[in-house]
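Before anything else, here is the set of structures, which you'll find just below.
Shared chain: subunit A. Partners: subunit B in the first complex, subunit C in the second.
Entry: the complex of A and B
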């Protein structure tokens, strides 16, 4: 377990919106939203390249700790509005999904 | 869900929840465009409700605050360069009330997810909701698969439900046979 705020700093993620005061207990990476919906779990950090409003809905449904948009992807404007309203924490990073996963793996149990 | 047929099931379940007596699932493939049309005679929706459909934070569900049936369908369709249109006539204002969802997909686009086992989708739908009637048609340049449970019911009478094991097995074989014959 690691605090999201601390992990985000270590991974040098760019904060977009939402509260960072959560504990991270795992990670899930994936882009097919219906699949993610049945596999991502509470407290996970979810890494994806998808950026539409459905991402916010899936994040809310699964109660993941945050969404990390890989490869410099930006949230769609309506998705940003929904994420802000629902207090879904979203970060962005220039790194690829794989690179982000390796960083999570490195820091999560520190 | 990696097959389009599972998303079709999801949308058709909306028709069931809308109290539809008749549900049609029509697939037409022409020049690399797949058009999916789901029609029902359920309670329908107001214009305001239809407008909000693509927003996943709008749902008629009471159990959770998120509804993803139409948003996912729209996303999958738009990812291939297609689009989704929903038209609806609410019960309060129309005698011929109901809803039509039309989605197009460019099947030659790399992000098009395969249709999958649509026969299984139809059978699953009937199994869970045997009191409605279903029309299914899948037309391509190679095949024209048709099914109408209204015709079956006329032969079976009122005594035999559509989800009787023998009826479901028949429907499955009936559809699979049509896919095999015309391929």
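Entry: the complex of A and C
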């Protein structure tokens, strides 16, 4: 377990919106929303390249700790509005999904 | 209160992707206010979301009724869409008729119906070609 705020700093994630005061217990990476809903769990970091508004709904319903947009992807304007309103935590990073996963793995049990 | 059933009703718009999922998010919020366990809330919310999205993508919208009882939560999703030709096939992981523009949004993995089954304790599909589809799901509390 690691605090999201601390992990985000170590991974040099760019904060887009939402509160960061949560504990991280795992990670799921994927872009097909039904797969994510089948496998992502409470307290996970969800890494994806999807940026539309449905990402916000899925993040909220799965109760993941945050969404990390990989490869420099930006959140769509209506998605940003929804995420801000619902206090869904979103970060972005220039790194690839693979690179982000290796960093999570490195820091999560430190 | 014992034996008191709380009911929610939602209209789900057919072509509106930006608000798709709004009913599920709302139900999640209300169940949280009612003090249900996080696991129960999560299962209801995900199953309902998958059903809600299916109505938007495949059936041009519909209605959702949620009944919160003492022992279980029932979700009834009804649409007047094209119906499902082969339910057994549709229930298989990976089967999808979603078009490319829908897939580009992250849908179309063919995992929605299997997820609904996985996250609920009971699921029934009533469907007729050209008439519509009703999905009834129950989650024990």
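What we mean here is this: the second predicted complex is superposed on the first by the 110 of 110 C-alpha atoms of A that agree within 3 Å, B and C clash if a C-alpha of one lies under 4 Å from a C-alpha of the other, contacts with A are read in each partner's own complex, and residues count from 1 in each chain.
Note that a residue touches a chain if its C-beta (ideal position, glycine included) is under 8 Å from a C-beta of that chain, and two chains touch if they have at least 3 such contacts.
Here the structure is a predicted model, which means the values were calculated and not measured.
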Task: Partner chain(s) touched by A:25 [first = subunit B, second = subunit C, both, neither] - done: neither
Task: Which of subunit B and subunit C A:63 touches, first, second, both or neither - done: second
Task: Contacts of A:80 with subunit B and subunit C, given as first, second, both or neither - done: neither
- [ ] Quick one: name whichever of subunit B and subunit C touches more residues of subunit A.
- [x] C
Open item on the list: Tell me the contact category for A:53 with respect to subunit B and subunit C: first, second, both or neither.
Closed with: both
- [ ] Would you sort A:2 into first (subunit B), second (subunit C), both or neither based on which partner it touches?
- [x] neither
- [ ] Take the contacts of subunit A with subunit B and those with subunit C, and give the residues found in both.
- [x] 32-35, 37, 52-54, 57-58, 60-61, 78, 86
TODO: Enumerate the contact residues on subunit A facing subunit B in the complex.
DONE: 32-35, 37, 52-54, 56-58, 60-61, 78, 82, 86
TODO: Mind listing the subunit B positions that touch subunit A in their complex?
DONE: 1-2, 6-7, 55-57, 64-66, 68, 71-72, 75
TODO: Over in the complex, which subunit A residues touch subunit C? Could you list them?
DONE: 31-35, 37-38, 42, 50, 52-55, 57-58, 60-63, 78, 86
Open item on the list: For the complex, give me every residue of subunit C touching subunit A.
Closed with: 17-18, 20-22, 24-25, 28, 38, 42, 45-46, 49-50, 53, 105-112, 114-115, 118
